[in-house]
Amino acid sequence: MPELTTILFYIFAFITVGFAIIVVSTKNVMYSAVSLFMSLFGIAALFLLLRADFLALTQVMVYIGGILVLLIFGIMLTTKITDAEIKTNNLSYIPAAFFTTGIFVILIFVLYTTKWNQKTPIQNEETISQIGKALLSSYVLPFEIASIVLLVALVGAIMFSRKK
Amino acid sequence: MNNFTEILKSINSFLPELSVITTLLLCLIADIIIRKKSPIVTIIAIAGLLVSAYFVYMQSAVQESLFSGMLVIDPFAVFFKYLFILSSIIILIFFEFSNEIKESTHKNEYSYLILSLVLGAFLMASSVNLLMMYLSLELASLTSYILAGYSKSEKKSSESSMKYLIYGAASSGIMLYGMSLLYGFTGSLDIYEISRYLATNPTPNAFIYLTMIMIAAGLGYKTSSVPFHFWTPDVYEGSPTPVTAFLAVTSSAAGFSLITRLFLTTFLGSTQIVDGAFSIIAGIHWQEIIIVISVASMIVGNFVAIWQKSLKRLLGYSSIAQGGYMLAGLVVADTIGLTAMLIYLSAYLFMNLGAFFVTILIVNKLGTDDIEQMKGLGYRLPFVGVAMAVFMLALSGIPATVGFIGKFYLVTALMKPGAGYLWFAIVLMLNSVVSLFFYLKVVKSMFLERADNTDELPGIKFSVQSYIILILLLIPTIFFGLYFGPIVKLAESSAVLFGIR
Amino acid sequence: MAELKILGIGVLSWMVFLPVLGMIIVLALPKSQTKAIKYIAAGFMVLLMFISVYMLANYDSSKAGVNSLEGLQFVEKVTWIDVDFPAAMIGKIHIEYFLGADGLSFPMVLLTALIGFVGAVASFSIKKNEKGYYAMYLFLITGMMGTFVALDFFLFFVFWEIMLFPMYFLIGIWGGERRLYAAIKFFLYTLFGSVFMLIVMIALFFSSKDPQTGLHTFNLITLMNPQTFPPESFFGVLGNTWRLLAFAGLFIGFAIKVPVFPFHTWLPDAHVEAPTAISVILAGVLLKLGTYGLIRISFPIFPDAARYFMYPMAILAAINIIYGALCAMAQKDFKKLIAYSSISHMGYVLLGMASLTTIGMNGAIFQMFNHGTITAVMFLMVGVIYDRAHTRGLYDFGGLANKMPKYFAVTMIAFFASIGLPGLSAFISESFIFLGGFNNEIIRIVTIVSATGIILNAAYILWTVQRVFLGELPTKWDGLNDISVRELISSVPLIVIIIALGIYPSLFINLMSNSVTQLISFIMK
Amino acid sequence: MEFALKFLPLAILIIPLVSFLIIIFFGKRLPRQGDWLGTGFLFLNLFLSLYVFIAFMSLGNYSITYDWFSLGANETKFTVGFVVDQLSAVMLIVVNLISALVHLFSVKYMEGDSKYSKYFAYLGLFTFSMLGIVITNNLLLMYVFWELVGLSSYLLIGFWYEKKPPQEAAKKAFIVNRIGDFGFLIGIMIVFYFIGNFAFSEIFSGISSGKIPSGWLTAAGILLFCGAIGKSAQFPLHTWLPDAMEGPTPVSALIHAATMVAAGVYLTARIFIMLSADALTFVAFIGAITAFIAATIALTQNDIKKILAYSTVSQLGYMIMAIGVGAYSYGVFHLVTHAFFKACMFLGAGSVIYGMHHIQNISEMGGLRKKMPITFVTFLISTLAISGIPFTSGFLSKDSILASTMAFGSINGGITIIIPIIAFLVAGMTAFYMFRLVIKTFLGEPRNKEKYDHCHESPLQMTLPLMILSGLSIFFFYSFNPFGAEGGWFINVLKSPESLLVGTKGAIYHIVSREEFHEALHHAHYPAMILSLVLAGLGILISFVFYFWNKVDTEKLKKALNPLYKFSLNKWYFDELYHYTAVSFVMGLSALASLFDKYVIDGIVNGAAYLTVKLSDFGGLFDKYVVDGLVNFTGGTVWVFGMILRKFQTGRVQTYIGFLVFSIVLLYFIFRWI
Amino acid sequence: MEITLYHYLTVGAILFSLGLYAMISRKNAIMILMGIELILNACNLNFIAFSKYGGLGVDGQLISIFVILLAVAEAAIALAIVLNIYNNFNTANIDEVDSMKD
């Protein structure tokens, strides 16, 4: 009987990729927002499979809770209520499709031909403590700078949305 | 516990960045306290920058790595920090002068936005860790998206910020993907370990090329070199002129520091400098990529610029072309090339800021930067017109200006018997001849052509300060053109990368 | 090496940078003060004249310093750029601010000071934004003076380029109808030439190794002695193709300025469009830079190539003389006629130089000086009519002799000087050139052919005299008044010099003869 | 006395220059506009030259040289100096005398002319330069004064420059002289190349020591003689002299009869001793040809001054021929005598014109002997002299020349006998046309009644010079024996120097030593005298038959010999010949050159510039549609390439991202294949 | 059958391509932002996959955290800019917003 994890992987991979395709192809902006929601959920699950439990949590809390909600607000604010025309037809997608498949083929070729740095994966149950220690020891500088990035983003957003 | 002591040691040599952060916060608070728009915030910002300049001066002879291999202090980074401080002080003054900024918002947020971008630039110049590079690039890019859209009531400015954001996000996404592949292959984020790994294990061609191209995409976007330059014309034209100047000078200089450090250290065979040249890993021919990008930037920058109607757009293309010239210094991959690039960068700083300041003055008076409108302007503002002519000639590399010296060293670097890039030098020279056309076009329309009503219109007078600033920019352009000893000495001493003897 | 200092600064630096000082003062003055600007500019030119007289006073004509360092006078040598690339192959770049004068360049310095003054006085008729004009004018003088006294190739090239821009603006802004075309044509021609010079300069720099310091050098004096070029470098072996190519390159660069036959078409346009004062400067001094460059740089550094190209150069000179004279004959515009006559006269200079004999070379340099003074007067005279009648067409005038007798007298002297009438200075130089040319067997036939030039010159000058001065006066010119005092001030000193040098040429010849003998013996060694 | 020789010649030279400078600058302000100053100075000069002549007679040759300047470390020295020897002493007197008389004559003749003072200034300048030629001892300096003489003749011929003909004549004179000077310059160059110095003494000693190879010596000789051809209006370059009659008559008298044109002869005499055999043949033949042509043309001319002009050209041909033949002293003797009677004739013509109020055509004159007796008598005496009638100076000089041509023919034989034949023919013709002139103007009936009525004798200032000059044409002054000149004091003053190349043989001419020449001359003396008298008499007889007794109908004769008559009337069509050949060739060449310059060279330059102008001047040049339509390859890659690249900027961000991705793919494939 | 590194990398590559496709072909600004999110998620997936299979400890996860953090900041600013565009051009379709040509 194939391992439980392989089945789970295929389910979650299928969810992520399926909904990602929907995001890209629907005319209706709301549908694409919802399908993005599902796709992000799939990715969080994959993180779990990869033993990155803290990551999965942050993914769910920050990505889905934060960014997706923001996007939905954006959609609400920018589509005129009157004509409720949420549909947007696609731009000429033939050349775009052509380019993306090109990139995809190259990526696959590269990924499969290079011999990645494969070592025996170390199994450790929970990673939060290691992440915490690392954040405050070797990664303290990015940590502080990230706070400034957020501050700047805040200032920018306020500046744009404030009435003159 | 040794982490703690190590962090403490790193902090006290992290002072320049710290002083920038404190001034940023001070300006933020000051801006909130002071109700109306006042120059005090800018003065604080400039004072803070000078303090950090003092700290940078203290570090000038130091070579060490900080925060467990995240950052590194070396003459190369010090040179760039000087460059960033000088250019951002001048840009802060530009912001004071430009009317576009005055009408946009009633507060002066621009001062601490500039400081944040300077911080980003500082970090870009000294980061040696992939994560740190990405983080500092993002910080710089975010701030520049905001600055691009600064005069938000104007259509053009918002459109330019939107385009800049989308394009920036895409290219940094691609760069991140490239970094992930590199991380995957070498197993570490620190570029020195990456270079040791790449030197020892055979690297498949396909992989290394794809990664290099993807990373080049991210960095190319920052230095607006072809084929990642598509955002430059629109953003330069759309955003307010001081912001354009800032992007053209400081952010592209930061881009150059990052691209140089990345390419010159990661793909290094051994850390010894063999008679002036960095010993590159045999397999990896990254010079070809840079050559293609550099030649493409020169050609696109110069050839399309001939067509431009708007002065800012023209300067945009000119900065693409200048980016192309500077990459030529990187191609040679030896200390002369590096010095030539640094010299050209400093020359580029003075010329460009000068040209942009004149554009600001003209936009203040005429309200538009269309070259056709500038017919016969030379007579109405003679001093400014002459200054513009000098900057334009400097940009095109005519002798007796700092531009010529920059080009001269680049050409000598390329023509050095060992390098053998003679054809490249010739392409560079031909391009600078073509560039003569559009640089002279501006001068021609200002002086030699005459709009029908030029004579009646009164001579335009500017405030005394603007004349002083113009002179302060004019002097280095000409003085260093004639007596370029100091610049060359500074560039020579700072062409030393950490970890490479 | 005679040191001569005024207030601690070398006298030659004064000569070169005084105009810049003038320019700064002129720029500082407000636009409206046209009168003050004019007189300050003229004042600086007079100052320049005084210094040149002071230099003439203690100029030691016995010294002959073409390639010997001791022979040079008023020498100033300061390291200008001293930069070294530690690890690179280029090694140290050591460029000196090296000024000096000797028999070849000192006459030209005097000429520049003189013509500069004359030009400044003649520029009083410029009515359009004088401030810009005089600033550019003074800047141009610096460029020219610097080129004459620079003894370091890099410095020479920088001054050579500096001269380009004021000329471009002076013709481009204050010129006649097709000034734009003429200015651009002038600019591109000279730029095209200077590209060759740059290439040769760099090649010289890289292949030279100064015997004392072992460094690459731009210093002309060290470049002159053959030991500076190690055997394996480009120019190591005498007479190899590289040396010939380099000489040809330099020749093209300088030939455009002279101008020599195929590259001469910019001169008529530039003259026709330039304002009077500027064509005085252009013809008076600028044309001499080409020939001066030849004897200062290409002849002494590549003597073997000079001997090799003696015959082709003579041929070009003959073409210049005959072709210039013929074209002059068919011109309708007064200024264009004088422009072509200058081409013909500069052909004489080139012939004198190509002869590589002492008497020929002396004649060439003397002719350079004479042509400077004579053509300057001729252009001033054209300016006189142009200011009054606003037309330069030869066919619009006639019978001016009675209307403007003083003007008729001065112009006749200038015209007869230009066709080499004995008793005036040009005759001495022309006969020297012919004697020199004749003495050199190779170019003897060419000299005889170009001697027919004196007949052609006489023909078109007399034709012009007849067309403009003799015959009846068309009614519309009744209002013309005779030559004004200002115009006299600018032309009479030149006339006096022309006559004085005609009667007693040793005033000039003593200055240069020793250096020329040195130059010729060096080349023909 | 010795003081005279040292300083006076210099003084004589400087005085006319001083008069020129004073009059040119202060002429208008001087009383009577300075004419008295000019004339006074010239008479002073005349007196001084007489004094120098006497000093020379007693002390012999004297020359002095000063340093002018030196080239290089005394490598070549340029010297200046003057010499007083038998040739220059005589010429000093001739020039000063005639110039003084012409000054006197012009005072009346030029009265009331607007540029009166300028005229005297120019006369002074001319005399200064003429004297310069005469006394200098340096070839280069002679060239200097040579050109100055050319200049002053230009100024004087073109004196009335309001009218067109004088302008053309002046220009023609100067250019033709310049052509001659071109040859002269080349000659100087050859001499300088071989000798390295210009002083005559150095040159002659150099030649005698064989410094110049024979081939070059002949060339130098001939080329130096070219200068003489130009100045003395010899065969190829003689067309300017008749046109030069446009100038005032006293000017023609001074310059175009006596002095300037004589300069050529003077030069030939000066370089006589260095002329090689072939050169001398060339000189002789040129002289003969000129004499013959001028004489034939003079036969049919009607303008009084034109006839005199052609007679001058013919007589000059005579003198050149004489020197060419070897009769150096007789050539110079003829120069002196000719100067006096030709000047007299010209001044006579001047007074006739003055009297007849500016008519110059002799067919309108006639019977003036009654109205102008003095002019008639003086004119008759000089006509007798020129036709070579005994008891006149002309006879002495002309007869000895004819004799020497006979001697020359006998010595060399072969084709050289043409020269004596031509000589005698010309003698006859001269007599004929001179008497034709005299008869037509003075004898017979007045043809123009009203002009004749109020014509009157010219005042004293004009008739006095006539009398003096005609007096000087009498034989008495030159030798007591009216028939033979040898005995005369004048000839042994002008002893011909021994040629440096005695004995050398040319193609058809070998230079003979003086004694041998004299001995041959002695034989030819009597036959030549008789033959010349016969021919002269015949000429006079025919002219009387034709014009005085009009036995023969001249019109019918003209029709009979029509081609010949036309040929002679139109001056052998030389002017037309030159016009269509040399002048139009040069004009055509110059038109061609300027067209070549404008279109070919400028065409190339403009073509290149056109492209750059196109590139730089974009303005309204190309609108969008053209670009989308045809891509014009000739438009230049720079601008086309720029155009294509520009289209990438569509303004839509999505396309930008698209291009970004595309370029990554492209770069990847590029590097996979490198 | 064992789940290897390559599986995750393929998923990552797919997501990356889809993200790019979204950015190129979609007209609505918000859709483009979604594209950006997809790309960043693909990179995160890559990082974490490499850190697990390469046995590289916690570095990969840390970089993902920072990536997410930056994505948040970027989304905030992007939204602000899009709203600003909306106020000025009152449309969210980017392709009409191309006033600046050639």
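Labels for the chains are A, B, C, D and E, by order of writing; each one numbers its residues from 1.
Just so we're on the same page, a contact is a pair of C-beta atoms (placed from the backbone, for glycine too) under 8 Å apart; a residue touches a chain by one contact, two chains touch by 3 or more.
Because the structure is predicted, anything quoted here is derived from the model rather than measured.
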Contact pairs, highest-scoring chain pair: A-E
Far-end chain from chain D, centres as C-alpha averages: A
Chain ID, smallest distance between chain and overall C-alpha centroids: C
Far-end chain from chain C, centres as C-alpha averages: A
Chain centre separation in whole Å, for chain E relative to chain C (CA means): 69
Chain centre separation in whole Å, for chain B relative to chain A (CA means): 32
Interchain centroid distance [CA atoms averaged], chain B/chain E, Å: 27
Whole-Å separation of chain centres (CA-atom averages), chain A against chain D: 108
Residues of chain D engaged with two or more neighbouring chains: 612, 646, 649, 651, 653-654, 657-658, 661, 664, 668
Multi-partner residues of chain B (at least 2 other chains): 131, 135, 138, 142, 145-146, 149, 152-153, 162, 166, 170, 174, 181, 184, 187, 206, 210, 233-234, 307
Touching chain combinations (by label order): A-B, A-D, A-E, B-C, B-D, B-E, C-D, D-E
Of chain E, residues touching chain A in the complex: 1-3, 5-11, 13-18, 20-22, 24-31, 33-35, 37-38, 41, 44-45, 48-62, 64-66, 68-77, 79-84, 86, 92-93, 95
Sites on chain E touched by chain B in the complex: 12, 16, 19-20, 23, 29, 32, 36, 39-40, 42-43, 46-47, 49-50, 54, 56, 59-60, 62-63, 66-67, 70, 73-74, 77-78, 81-82, 84-85, 87-89, 94, 97, 99-100, 102
List of chain B residues in touch with chain C within their complex: 273, 275-276, 334-336, 339, 379, 382, 393, 398-400, 412, 416-418, 447-448, 459, 483-485, 488-489, 492
For the chain A and chain E complex, residues of the former touching the latter: 2-3, 5-6, 9, 13, 16-17, 20-21, 23-24, 29, 32-33, 36, 39-40, 43, 46-47, 49-52, 54-55, 58-59, 62-63, 66-67, 70-71, 73-75, 77-79, 88-93, 96-97, 99-101, 103-104, 107-108, 111-112, 116-122, 127, 130-131, 134-135, 139, 142, 146, 149-150, 152-154, 156-157, 159-161
Partner chain A, residues of chain D touching it in the complex: 654, 658, 661-662, 664-665, 668
